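One chain, chain A, links the two complexes that follow: it is found with chain B in the first and with chain C in the second.
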Partner chain A sequence: MRMLFRPGLFVGLVTLLCTYSGTTWAALSVFACEPEWAALVEELGGDRLEIYSATTAQQDPHQIQARPSLIAKARKADLLVCTGAELEIGWLPLLLRKAGNARIQVGQAGHFLAAEYTDMLEVPDKLDRSLGDIHASGNPHVHTDPRNILRVADPLTQRLKAVDPDHADDYQQRYQAFKAKWQDAIDDWSQRAAVVEGKNIVVHHDYWSYFTHWLGLNKVATLEPVVGVSPSTRHLAQVKQLLEKQPAVMIVDTSYMNDRPVMWLSEQTGLPVVTLPATVDYHGGETLLQWFERLVVRMLEPLK
Partner chain B sequence: MNVEGLDASILAPAFFAGLIVLMTHIPLGHEVLRRGIIFIDIAVAQIAGLGVIIAYTLGWQEHGVESQIAAVTSALLGAWILSSLEKKYGKHQEALIGTSFILASTGGILLLANNPHGGEHLKELLVGQILWVEWKQLVHAAIVSLSVLFVWARFRSKIGSLGFYLLFAIAITVSVQLVGVYLVFTSLIVPALATIGYSAKSWPGLSVLIGICGYASGLILSALLDLPSGAVIVWTIVVSALLIKLVIPSKAR
Partner chain C sequence: MNITFVRTALACAAILDIAVARGAADIDALNKKLDDYEQRIESLERKDAESSRATGGAVDYSRRKTTNNLFNPAISVILDGVYANYKNEPDDYRIPGFALGGEAELASEGFSLGHSEIVFSNNIDDKFYGQFTLAIAEHDNELEVELEEAFFETLALGGGFSIRGGRFYSALGYLNQIHEHAWDFKDAPLVYRALFGNQYFDDGLRVSVILPTAVFLEIGAEALTGRKFPAGGEQDGVGSWVAYSNIGGDIGVSHSWQAGLSYWAADKIEREYGGHGHEGAVEVPQFAGDSRTVGLNAIYKWAPAGNYRERNLKLQFEYFNREDEGNLTLLNSDPLESSTLDSQQDGWYAQAIWQFARSWRTGLRYDRLDSDNKGSDTDVLDEAGLLSYGHTPERASVMAEWVPSEYSRIRLQYNRDDSYQVSDDQVYLQYTFSIGSHGAHAF
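What follows is the complex of A and B.
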């Protein structure tokens, strides 16, 4: 502890701090709320961008602990890329206010929300407080359908070009390359996963709606209809009854969630649990392609 | 190491939030320890939260003045009940406080059983995170805290047990929204606990020293190590308390 207060170290630290903040970054600074958008923007901008992902693959993007670096990164960002659809509603408005960075405020070119460019599932017909969980914009976990990644990639490329027009050609080229690569991958995954079409599954929470929609999986039941609230005994009994009528092939869980409810159901029904990786392990150096490959392989495992 | 977060404009509001919390929590914490009712802060904070949840389920606005009124009213009501319980069952006060905490928190779960989204919002409303603090919030909190401190300093002997409970309820409702439950508990208990056995002249100064060192070094460390600030400060306050105890031995020993 005392080490920290040595004058020499202190002077050194201050010098370091001054030189550090004096450095001007040639690179465009991107603040991504979730790793999937960090990984996507890296595909489109490569080394030209300095990318920061506010959450990791192991984290629940609904919630986030405030760290000083988070505000510092938002402050110097030229472009903010988030999911939107109220996913980050608990912290992003606060962060934007604290950061006070005009470039990334709502309505600016530097404020990009992915969910504005995809078709939303589970949008409530009517907004009524009595219905409980109000996600007015629909299910926010759009990145679990690989076709949505492409739908977002195009407008995101346009946005990069608008923010950094000097390198517009470069972004366009990279987009074309990514699009071709990703389209091939989608074809490959669709083919391999075709066996699951129409199969019944139980999900822990509605994280995988876009994924199951893409593959034509049939969700029989949701174990935790509302996140963060343990299912009531009546609900659990209903799920068990439903499963007797419509047998499922697996229980799908999300990597960052507590696995106790699914373990309980698995023990009650004998169904295998498949824990799918919620998003790309960007901090571990994984690419979008590697993550989705992992996702598809993991899902096909119990069907072998 | 991450020097980017070492930015005064990011850390300063959080540090001042800490100072405002310490201002009321050091004297009140001393009293809490004397009375042996350590968990009262958590219970009162939870009761304030329950008030907001009730207001919300009744259809009140979830932000702004209405929820503040709901929080303060229920905290005061809770404090009043706890104070009358103390008169009757003084010996078991800590057990009663614990039970009221559990009732308030599970009451919230039951009320929000069908509305987790609202629950998320309300949790944020009640449990502040020190880094999100804004200057405007600090002005309000400083005014309330100064008033509480003034009443406590001038009229302590006259307001009695009920007066203490009511002042406490107001102080906690304000501070918990600034810095969250963990830091409220730590600011209240740790400086007071560390300075037991020091003379009446020296404990206030030493407590303030512990608090200031704890908040300042915690904020700097959380910036350097890129860790959540609230949790780091809890640890640095405890470390500061231990260091002070080592460096300045109390007379009692």
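What follows is the complex of A and C.
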């Protein structure tokens, strides 16, 4: 039996190598790291695409592991759409190495990073880990500004056309339709949310920087003392003191974070807490438009 | 669209047009037609330039580079240190029924540096990835530098295939592929300590493939030199083989799992036991013969809604069974003592790790070993430590960690160790820090 093993293994491998042929997929397979890009690519490709979102709105996209199911999905993908800006640095490089898929490697047409097409906020002048888990490329949560969605939609459409040239016209048409619809929506949201411009807010984590930048909100304090580090009671007390001098109208929290420090500060100051959904509930069938509508409505609630 | 072709076609069309209109005396009409064609060519040229800019053609797609340190490799340094306290004398440590080798000994009592590591890694080009790991440790006041990993891996084979070559940790076990500083306990499970001298690596080649199935299914094989413990000796060509398979997936959004099966084979090896600091005039047991190991593992992870940020649970189980057949010799003995050896050794561990807050984790582990070794001369087996005397080695461990960030960890661990007949209480206080590039979140 022992003697059988070596030839057995060899024959097995050779058979595998010879009979193995890549399965052809009817639909173009898209692997999105975050739900917002899954939702956007769906707007641009519709039913033509088989889309998989690696994370949900309830998950911190930084804290993901290159787990078996993700490797299996990445192995089959024709196009990978992620945020970049080191948001997925803990798991995407490992996933790419493990997937054995040449199409989605760095530099290939099937490798698309959204943050390469937007202007970045909060690019650190100094790179030092004592400042927390900072990102050298700047704040990676670019999708919270609806204008960035449009900035990404154009190059993403071009990329879809490059990966699937047979349906280039279809992608272009869908992009034009989406662009018109989205531009109207941005105008509508901007008009309705004009009342919040210049208002002071407190945030838990610097997740909403692009969103607040768009609406012209003024962040007076962040509950995390440095990026990615939970607030200590001392730091919370300092924020409370600061708020006495610079009153704010609300505390903005993110759906996937522990809400205890936020609740404490709210009790102490009487400020309303606005917990914003980190991203579109793609798995629940929500569209980008519906998600942004939800964001705007929630932001306006405490000001009524 | 090929612009040269378009240009030629349009020019031909223009000439034909002119030819057709040759009878016409109206030169103005001809000029107008020419102008019209000129404009159409210009407009087509513009469109073509735009579309090649947009699709990028064969040029690179990235506008902004985010590589670590520009073109330098990603570098990380691991600082690791431990304060150890034992009830028993650590030099007395043994596991009856298992002759130890590799790095199986206990950490020195009191304060000591653990495995300090330097890791360099990066994509080499668009087709290869490379990684280089140096471990620096001190044994008996002597600084030892060990090359733990130096491998390349293919990126662009496609079809789910990868080839890894060089020196690397074998895929024969789940924990075996994880760097020591990323383990959930300070010390290796007893079965890893007893069979592999903590961790098994060798030089060779690995071919693996991820199959295009809905569940994750990976099969792979390694061809290794067979010169590293628990193999050994002067081997020509391939001295040991590993075949393995892993399967895994998700159940809903909160649960993930993976299960693996492996087989390790090494023929005509010369395995020397003893490990560090036991060289010299002392008798060194050596096994010469054929060895087989079968491994099984299962991992399960849970996090509420799949969000690992605040709370998560990890269950881990591994089992190994080794069969050795050959001869056992006590090197340096005079006259040379030897015996036949027919050995069956197995062991397993199970552990649970619970992260109950953003920066806090705690865990439990239980280890158990079993052996049945026979030979023509029991005295030789006894000298080598291969007789169990009816003792079942086992160990229970508990640990708690404070993890202020992804780069730092302070751990307190207690073991109730029954590796041999006298129970030992072992306490470790350990720090592990990582400076440099961001580590990988492996499953």
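Operating definition for what follows: the second predicted complex is superposed on the first by the 263 of 304 C-alpha atoms of A that agree within 3 Å, B and C clash if a C-alpha of one lies under 4 Å from a C-alpha of the other, contacts with A are read in each partner's own complex, and residues count from 1 in each chain.
Keep this in mind: contacts are C-beta pairs under 8 Å (C-beta built on N, C-alpha and C of every residue); 3 or more make two chains touch, one makes a residue touch a chain.
Because the structure is predicted, anything quoted here is derived from the model rather than measured.
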First, second, both or neither for A:Lys240, with chain B first and chain C second: neither
Chain B versus chain C as contact partner of A:Gln158, first or second or both or neither: second
Chain B versus chain C as contact partner of A:Lys181, first or second or both or neither: neither
In the superposition, chain B vs chain C on chain A residues touched: C
Contacts of A:Pro68 with chain B and chain C, given as first, second, both or neither: both
Partner chain(s) touched by A:Leu94 [first = chain B, second = chain C, both, neither]: both
Touching partner for A:His111 - first (chain B), second (chain C), both, neither: second
Intersection of chain A interface sets (partners chain B, chain C): 13, 16, 20, 63, 65-69, 71-72, 75, 90, 94, 97-98, 129, 132-133, 228-229
Residue ranges of chain A in contact with chain B within the complex: 1, 4, 13, 16-17, 20, 62-63, 65-73, 75, 90, 94-95, 97-98, 129, 132-135, 226-229, 232
Touching residues (chain side chain C, partner chain A) in the complex: 54-56, 60-64, 66, 123, 126, 129, 153, 155-162, 207-210, 212-219, 221, 241, 243, 246-250, 253, 256-258, 263, 265, 290, 292, 301, 305-310, 358-359, 404-407, 435, 438-443
Contact set on chain A toward chain C in their complex: 2, 5-6, 9, 13, 16, 20, 22-23, 55-56, 58-60, 63-69, 71-72, 75-76, 84-86, 89-91, 93-94, 96-103, 105-109, 111-113, 115-117, 129, 132-133, 136-137, 155, 158-159, 161-162, 228-230, 256-258, 283
Partner chain A, residues of chain B touching it in the complex: 2-7, 10-11, 59, 109, 112-121, 124, 129-132, 134, 217, 219, 222-223, 226-231, 239, 243
